[in-house]
Structures are given as C-alpha cells and as structure tokens.
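So that you can tell them apart, the chains are marked A, B and C in the order they are listed, and the count of residues begins at 1 in each.
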Amino acid sequence: MSTQLAADAVAVPFHETYAAVQQFYARQMHLFDTGAGPEWSETFTVDGTMELPNLPEPVRGRGALALIPPRAAAAAADAGETHRHWHGMVDVEPRPDGALDVRCYSLVFATRPDTGPRLHLVCVCRDVLVREGVALLVRSRRVTRDDLR
Amino acid sequence: MSTQLAADAVAVPFHETYAAVQQFYARQMHLFDTGAGPEWSETFTVDGTMELPNLPEPVRGRGALALIPPRAAAAAADAGETHRHWHGMVDVEPRPDGALDVRCYSLVFATRPDTGPRLHLVCVCRDVLVREGVALLVRSRRVTRDDLR
Amino acid sequence: MSTQLAADAVAVPFHETYAAVQQFYARQMHLFDTGAGPEWSETFTVDGTMELPNLPEPVRGRGALALIPPRAAAAAADAGETHRHWHGMVDVEPRPDGALDVRCYSLVFATRPDTGPRLHLVCVCRDVLVREGVALLVRSRRVTRDDLR
C-alpha cells in the first residue's frame, strides 16, 4: 500500500470507520448465508486468509474461499436448516497504517421448520481489515468457537 | 416529497444514516416490546405498511398498525412471557431519492420466570425507510420467518 | 464537571456518540468476559455504581466493581462454561449536560464443550454514561433480568 493510501486511511474519523465495518459485516455475512461464494470471496483481499477451528490449515485466496459458502449452504440445506451468521460487539482498533484490527462476537442461528430456531454456535472472530479504495476487505480472519476451547 | 427534501436526504453522509437507523430500530422495537401501540405506529408513515408471514395481507396505516403491539404484548403476557425484538446485521442501501432500503436479521427472545429465556424466532426484516424532517419512518416493512420458508 | 466540559460534550454529533457507545460496550463487556476486573472497573467513574437484580444493594466504586468480573469468570469456569455478554438495540439519549442515558438489551450466552451453546439470560441494561476527556465511563448501571420480573 502506498504511503498516500495509508495516510488517507488513517485520516478517516473513527465513527465513519465504525459504521463502515458494521455495514461491511452485515453485507458480507448475508452473502455467506445465501451461499454466494464468489461474491463473498471478493470481500477478502486477493490473498486473504481464513482460519477456522475445524480446518487443519488456513484457507488462502479468493478461489479457495469461494468454495466455503456454497458448501456451508448445501450442508445446512441437507440438514433442513437455514443458518444466519450474526456479528456483534464489534471492537475496532485502527492501526497506524490504516489497517483495522477487529474483534467481534459471532453467533450462528439455525432454524428448521419443524423444530424452530436454535442457537448453533458462539464464536469470536478476529479480522484484519484493509481498505481498497472505498471498500473494506478482509486480509485475514481467525475464528474460534467457544465449544472447542 | 419535494425535490429539495430529497436532495437534502441524499446529502446525509452514510455513517450518519447508519447510526440513525440503528437508533431508530432500538427505539422502535422497544416501543413494540412494551406494547405502546400508538407510539409505535407513529414510527411508520401515515400510510405505512407491514407484511407479516402469518397475516393474509399487509397491515396498512397507523390506525391498524397501532393495534399490533398491544395484541402481541397481551399474547406474551397470557403465555407468561416477556418478548424482546432484536434487530442486527443492519444493511443500509440509500436510494437516489433519499429513501433507504434496509435489510436486517431480526430475532425474538422470549423469557418465562420458571423456564428462563429461549430463542423464539429468527426473521429477516426488509424495510423502506424515509425521512420526514429529522425523523426516520417506515414506509413499508416485510418480515419473513426462517421457520416458515 | 465544568461548564466548559459540559458544553464540549453537548457539541458531539449524535452519530459520533452512537458509534463511541457501541465501541465502548464491545470493549467493556469483553473485559468482563475475560475476567479482567481492574481494567473493567476503570470503565466506570471512580464512584460508579452497578445495580444487579441478584444483589441486595448497588455495588459502588472501582474497588468493589473490580471484584465482579473475576468472580463471574470463576463461576463460569467452575460450571465448565464460557460466557459472552452481548449488548444490542442500543438507545442513546444525550442529556443537556452531555451525559448519556443509554438503554440496551443485553444477552448472556453460555457455552460448554459437551452440550454446546445456550442462551443464558435476557436482560435490560440502563446506563448513565459520562465523558472524561475522550473516554466514556459508566456513572451508574442498572440491570434487570426478564426472568426475574
């Protein structure tokens, strides 16, 4: 990232950044919940990574990331469930270079027509977000699950 | 709406709008949860509409809308429950004319003194919000339930 | 608080305040969930108070407040659980003197490795927040539980 871009990023007032991060997660996780793999993968940088507790190593790059939402949607459909990812308690810490360290709590709700909704997972999500132009992108994501601690 | 009003609305920076929408939902749904029918109905435009999955047609207008919260509060009381509506993952898309397309996830929690709390419903809420002066109002709301898909 | 400070406080635009309150809660409740007593107590004013439904009288002052998170963390650990506090539906009402009346819904999730996650509590949290320099602090907090109404 050029020095100019970094300087621009740092100059964004905190409250603008905070709203942008919330909006970003709302859009991003809805893409995930609808199984929109390619669109969801484009919310990561080209070489973005995601670490999940049930995977042996991080998933790296949009091509690999794009496979995750359709797989998750198919698994939910097989179980007769609709899944909803819910980020909240968003803690944003801007770095001097304009990147953002974000930690949030993350819930997954699962609903079946016959049995109603249930709380499926409680997770903590730690992201490094970066700006490309006006867009926020995930450079790295690390998700931990409270049931696997 | 006059052209001037629309132009003013469009000029609101995104982060201001985003905070206003969150504040609006916090206030609006608390009014609902306390059974405050008339006050809640005034968070809709005069001819505002709400589509609910368990109703055969949309509810239209403040008079009809005002009947919903007290009915819901009475039903919860009859069941010995306190209900809380919780909007989150708020996705705000401003239109050129200043109206806002908002999609959010919406939860309902129900608590009984003897059995504790439970997740009652997982919904998706799609609103068109408009500004009247400084206030946001719902022009139309469409709620879907994940257990009725 | 001096008149100058109060005037400064009032001048903060609503959307800036709203983002700051959300960020404050994310940080504060994560400190609680990790049992960080002294750090958590410093998110209250020196003589800050907290009223909880299961305590006979308000807890007053940082020294007493600092004891709460480690006790809660120890109780959760004894139960084999990880607890997460989740504030949402945040309603912020600035007072003329710059203090903030905040009401939010507050959830507690509890997760055990063997049984998975559950919704533990649904609460309402009513805070009076004040600014000290750039920081927000709780001057008084009153928590009610829906299962104890």
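In this section, contacts are C-beta pairs under 8 Å (C-beta built on N, C-alpha and C of every residue); 3 or more make two chains touch, one makes a residue touch a chain.
By chain, UniProt protein names: A, B, C = SnoaL-like domain-containing protein.
Just so it is clear, the model here is predicted, and its values are computed rather than measured.
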item	value
Angular offset of subunit A relative to subunit B [C-alpha, multiple of 5 degrees]	120
Same or different contact residues where subunit C meets its copy subunit B, judged by the half mark	different
Cα-centroid distance, subunit B relative to subunit C, in whole angstrom	26
Residue list for subunit C, restricted to those that touch at least two other chains	15, 18-19, 88, 119
Residues of subunit C that touch subunit B when the two form their complex	13-15, 18-19, 88-92, 103-105, 107, 119-122, 146-149
Contact set on subunit A toward subunit B in their complex	15-16, 18-20, 22-23, 25-27, 29-30, 82, 84-88, 109, 111-113, 116-119
